[in-house]
Amino acid sequence: MSPAEQSQRSRSTRNGWLLSAPALTLLFLAASGPLLIVLVYSFLTPGQYGNVVWDFSLDGWIGILFTRDIFDGTMNLADAHLTIFWRSVKLSLMTTALTFALGFPTAWFIATRPPAQRAMWLFLITIPFWTNLLIRTFAINEVIRNEGLMNTVLTGLGLISEPIRLINTDTAVFIGMAYVYLPLMVLPLFAAIDRFDMKLLEAGYDLYASRMQVLRHVIVPIVKPGIVAGSILVFVPSLGAYVTPRVLGGGKNMMIGNFIELQFGQGRNWPLGAALSMALLLIVMAALLVYVRASTKGSNPHG
Amino acid sequence: MKTTLSALAILAATTSLAQAEGVLNLYNWGNYTGPDLLAKFEAETGIKVTVTDYDSNDTALAKIEAGGHGFDLVVPSANYVPIFIEKGLTVELDLSKLSNHGNIAPEWMDVDWDTGRKYSIPWQWGSTGVAVNTSVYGGDINTSAIFLEVPDELKGKINVVPEMNDIVNLAIMYVGGEPCSEDTEVLKKARDVLLAAKPDWISMDYGATEKLSNNDWAASVNWNGSSMRARVNNGSVAYGYPKEGYPVFMDSAMLLHDARNVEEAYKFLDFIMVPENAAMISAFARYANGIAGSEEFMPEDMKSAPEVVTPEEHKAAGVFLPTCSPTAQQYMTAIWTELMK
Amino acid sequence: MAERSFEVSRLPGFATVAIAVFVLLYLPILTLVVFSFNSGPSIAVWQGWSLHWYTDAWNNEAVKGATIRSLIIATAASAVATSVATMAALGTTRRAAFGGQTFIYVVINQPLMVPEIVTAVALLILFGVVKQATGYQGLGYLILAHAAFCTPFAYLPIRARLEGMDLSLETAACDLYANPWQTFRHVTLPLLAPGIAAGAMLAFVISLDDVVITEFVKSGGQDTLPTYMLGQMRRAITPEVNAISTALLGLTVVLLTLFFILTRKKN
C-alpha cells in the first residue's frame, strides 16, 4: 500500500468514526451506558421488596439455567426457562418469515409505482401504525374473534357455515404479530428495492432467464441489505413482544419479555432479571453478527 | 430545527408550571381519578392537580425509590403501604391538618397495615372474585372451584387474570392455606391444582369487562368493579365471592417524603375524605370507598349493586393480602413460572 | 422506456399480495373507527351512533395533554434519531472496512437486543440520580430516551439504501470540482432520500407506540397516549381512545392530502 493510499485510508477511517460519533454518544447516554448498571445488578443480591442489595452474588446468573426446587431443595435444570426461551425464538422466526412473505411483494409493488405515487403508498403502510399498539391489537381481535367482522361477513356471504375459530390460537398470534411488525419489514425492503436498477431485469430476461431465476439471481442479491435490515428489525423486537401474544393468543404462556418483566415486577428478583437480559443480549448479538457476516459476504461491491 | 425549538419551549413551560404555586402532582392508578373530582377541587381551592398514571404497584415503588419523579401523592395497595413506610418513601401525616380524618369508616380506621390511619387515606377498595355468565353455568358461583376445578359448562370458556399475587393466593386459600403461605405442603397442593386447571382456561388476560359483555368469555377471575360494568352491559353476568377465601384490596393515598407541594397535598387528602367527594371517586371507577356517609351520594346503580356492597354472608371470606415475606414471594414466583411456562 | 421497465418489473402475484396486504392492514382500522362512534361505553358491544366520545376526549385535559405530548416527543426524537442515524450510516458504509466498524454496528443496534423493560429499569436508575442532581424534570429525558431506541430503526433502512449505492455519480461530482458538502447536498442526499424517509417514518411510529420505557422515565404530568392507555387496560378501555386514534388518523390523512396536492402543483 502506497503512503498516499494509506493516508487516504486513515482519513476515511477517521471520517467514519466522526460521522458515527453523534449516534454513539446518544446511545451511550441513553441506552448502552445505562445498561452497564444492569450488568452490575446481575451480580448483586435481590432486595427484599424488589431492587437490589449491594452484596456480590452469582445467583442471578446461575438462576438462568438452574433452579432450586422449592419443594425438595435440589438444584435442577430450569426447563421452564428453556421452554419460554424456545417459544419466543420460534415465534419470532415464524413472524419474520411471514412478514417477509407479505412484505417483499408489498415493497416491490410500492417501489414499482410511478415515483410521484411512491410516497403516498409508503404513508399508507405507516398510517395504521399511528394508532397505539394496544388499540390496534384490540381492533385485530375485533376482526377475527368468533362473532367478529371476518366471521360475520363470511357467514353472511354463505362461504362458511361455522365461524372460523382463530382467537386464542397460535395462528392468531402469528397473524397479529405479522400485522404489527409489517412496516418494519416493508420500509427497509422498499429502501433497498427502490434503488434497484430495473434495466438489470431487462438484461436478465434478455438472457432468457425465467422469472424465478431472475428473482433469485438478480433481485435477491441486490436487495439483500434490505432483507437483512428488515429481518433484524422484525426478529429481534418480536423476541421481547408480549402485548400481541397476550391479547390474541390468550397469554397463557409467557414470552421471554414477560418473564424478564416478572423478575423486575412481582417476582422481585432484579438480579435474575438483569442476568437474563444480559444473556439474551449476548445471544442476540452473537446471532446478529453471524447473520450479518454471512449475508453480506461478497455482496458489497464498493466495500 | 423548528420542532426542536418548539419542543424546548414546551419543555421550559412544563418545568416552570410544575414549580408554580397551587399545583399538586398525583401519581395514581390509570383510569382511577375522575376529571370532575379534580375540577371540583380546583374550583374550591384554586389548586391544579396533575395526574400521572401507573399500572402496577411495583412500577410505582421502583419509580419513587429512584427519586426525581416530581410526585406529591401516591396511591399504593394495602400490601405495599408497609413497604413504602419501611423504606421511608412516605411520611407520617400531620393529622391536625386533616379535619375530615374522622370521616374514615370505623372498619377502615384500624387496619393491619396502618393502624389509626397515620400514613394512608382510603381511596377505593374492592375484591377479586369470579364473574360468571349465569346463562351458561347455573351452579354455585361463590367458590374458586369455578376456575380451579372448572365445571364442564365453563371448560374452555373461562379466563384468569394474569395477576400472580391474586391467583396464587386464591389457589392457596382454596387448598386450605393462608395467603403468603410458606408451608411447602400447602404450596405443592396449590401448584398442582393450578397446573391441573390450566388446560381448561381459554386465556389469561385483562379486558374482562369487554369480553364478558360480548360473550367471548363465559366466566373470568375478575375484580368486582369491572364485573359490575360487565353486568350492566350483559345482564346474565354475576359476581361470585369464593367462600374458600378471596383477596380484598384497598388503595390508599400517601404523602411522599420528597413531595414539593405539601400544603396542597394535605388539602387534597382532606378533600377526598368529604363523603360527597369520596362518592365522586366511587362513581367514576365503580369501586367502594372507605368514607362513612358517602353511600348516600353514590349513584343509584351502585347503592344496591351486589358487586359493590358485599352481601353480609360473603364478608367473612374476604381476606386482605398481607405483605408477603421474600421467601413466600419466591415460592409464588416459582409456581407462577411453572404455570406460565 | 418507463413503460418498458414497468413491464419487466412486474412479478406475477406480487400486486395481488400487495393489494391484499393493504386491505387487511385497514380492516382492523375500520372497526376501530366504527367503534369510536359507539354511544355505549364498550369497544366491542355496539349500542348505536354517537359523537360523544369525541367531545369527551376533547374535554378531557389528560387525554389532550397526553396526545400533544406524544406528538412532540415522537417528532423531536425521530428528528434526532434520523439525523444521527444518517450520519452514522454514511460513516459505516461505502468505505474501506475499519477496525471498530462492527463495534459501531453493534452499539447502534443494541437497543433492539434487550427487552424494553431492561433499558427502562436502567434509565430509571440513571435518570433518577440525574433528576435529583440537576432538579430538571422536563420532557428532555423522554426525548433523549426515545431518540436512543429509535436510532436503530432509522439506521437500518438508511444503511440498506446506502449499501451498494453507486459511487460513480459522487465521483463525477468531485471531478467537476464540487466540494464534499456540495456533493453531499446535491448528489448523495437526493439519492439517499427514500432511505431517510423510510427510517424517519419508522422512528416516528416506534416512538409514538412506546409504553414501557416511557412509563419508567416519565416524571409527574408526563403521561403519553400509550401510558395513559396502559392505565385503562386493567379496568376498562372506552371508545374515547378510539375517538382519539380516529381523530389522529383523520388529521394525518388531511395533512398528507394537502401535502400531495401542494407538491403536485409545484411540479
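Going in written order, the chains are labelled A, B and C, and every chain counts its residues from 1.
To be clear about the criterion, a contact is a pair of C-beta atoms (placed from the backbone, for glycine too) under 8 Å apart; a residue touches a chain by one contact, two chains touch by 3 or more.
Chain-to-protein mapping (UniProt): A = ABC transporter permease; B = Putrescine-binding periplasmic protein; C = Spermidine/putrescine transport system permease protein PotC.
Here the structure is a predicted model, which is why all the values come from computation and not from measurement.
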Overall pattern in which the protein chains touch one another (line/ring/star/complete/other): complete
Most remote chain, CA-based centroid, reference being chain A (ABC transporter permease): B
Chain centre separation in whole Å, for chain B relative to chain A (ABC transporter permease) (CA means): 35
Computed distance of Cα centres, chain C from chain A (ABC transporter permease), in Å: 16
Set of chain B residues in contact with two or more other chains: 59, 62, 207, 214, 216
Where chain C touches two or more other chains, by residue: 43-44, 80, 121, 125, 229-230, 233, 237
Multi-partner residues of chain A (ABC transporter permease) (each touching 2 or more other chains): 138, 264
Chain A (ABC transporter permease)-facing residues of chain B, complex: 56, 58-59, 61-62, 65, 83, 87, 159, 162, 164-165, 184, 187-188, 198, 201-205, 207, 214-216, 326, 329-338, 340-341
Residues on chain A (ABC transporter permease) engaged by chain B in the complex (per definition of touch): 46, 48-51, 67, 70-71, 79-81, 83-84, 138, 145-147, 167-168, 246-247, 249-254, 258-259, 262-269
Residues on chain C engaged by chain A (ABC transporter permease) in the complex (per definition of touch): 2, 4-6, 8-15, 17-19, 21-22, 24-32, 35, 43-44, 80-81, 83-85, 87-88, 90-92, 94-102, 104-119, 121-123, 125-126, 144-145, 147-149, 151-153, 155-161, 163-165, 167, 191, 194-195, 197-199, 201-202, 204-205, 208-209, 211, 225-226, 229-230, 233, 237, 241-242, 245, 248-249, 252-253, 256, 260, 264, 267
Residues of chain A (ABC transporter permease) that touch chain C when the two form their complex: 9, 12-13, 15-20, 22-24, 26-35, 37-38, 102-103, 105-106, 108-110, 112, 114, 116, 118-120, 122-136, 138-140, 142-143, 148-150, 179, 182-184, 187-192, 194-195, 198-199, 201-202, 205, 211, 215, 222, 225-226, 228-230, 232-233, 236-237, 239-240, 256-257, 260-261, 264, 270, 273-274, 277, 280-281, 284-285, 288-289, 292, 296, 299-303
Touching residues on chain C, where the partner in the complex is chain B: 40-45, 59-62, 72, 75-76, 79-80, 121, 124-125, 127-132, 136-140, 143, 215-216, 218-223, 227-237
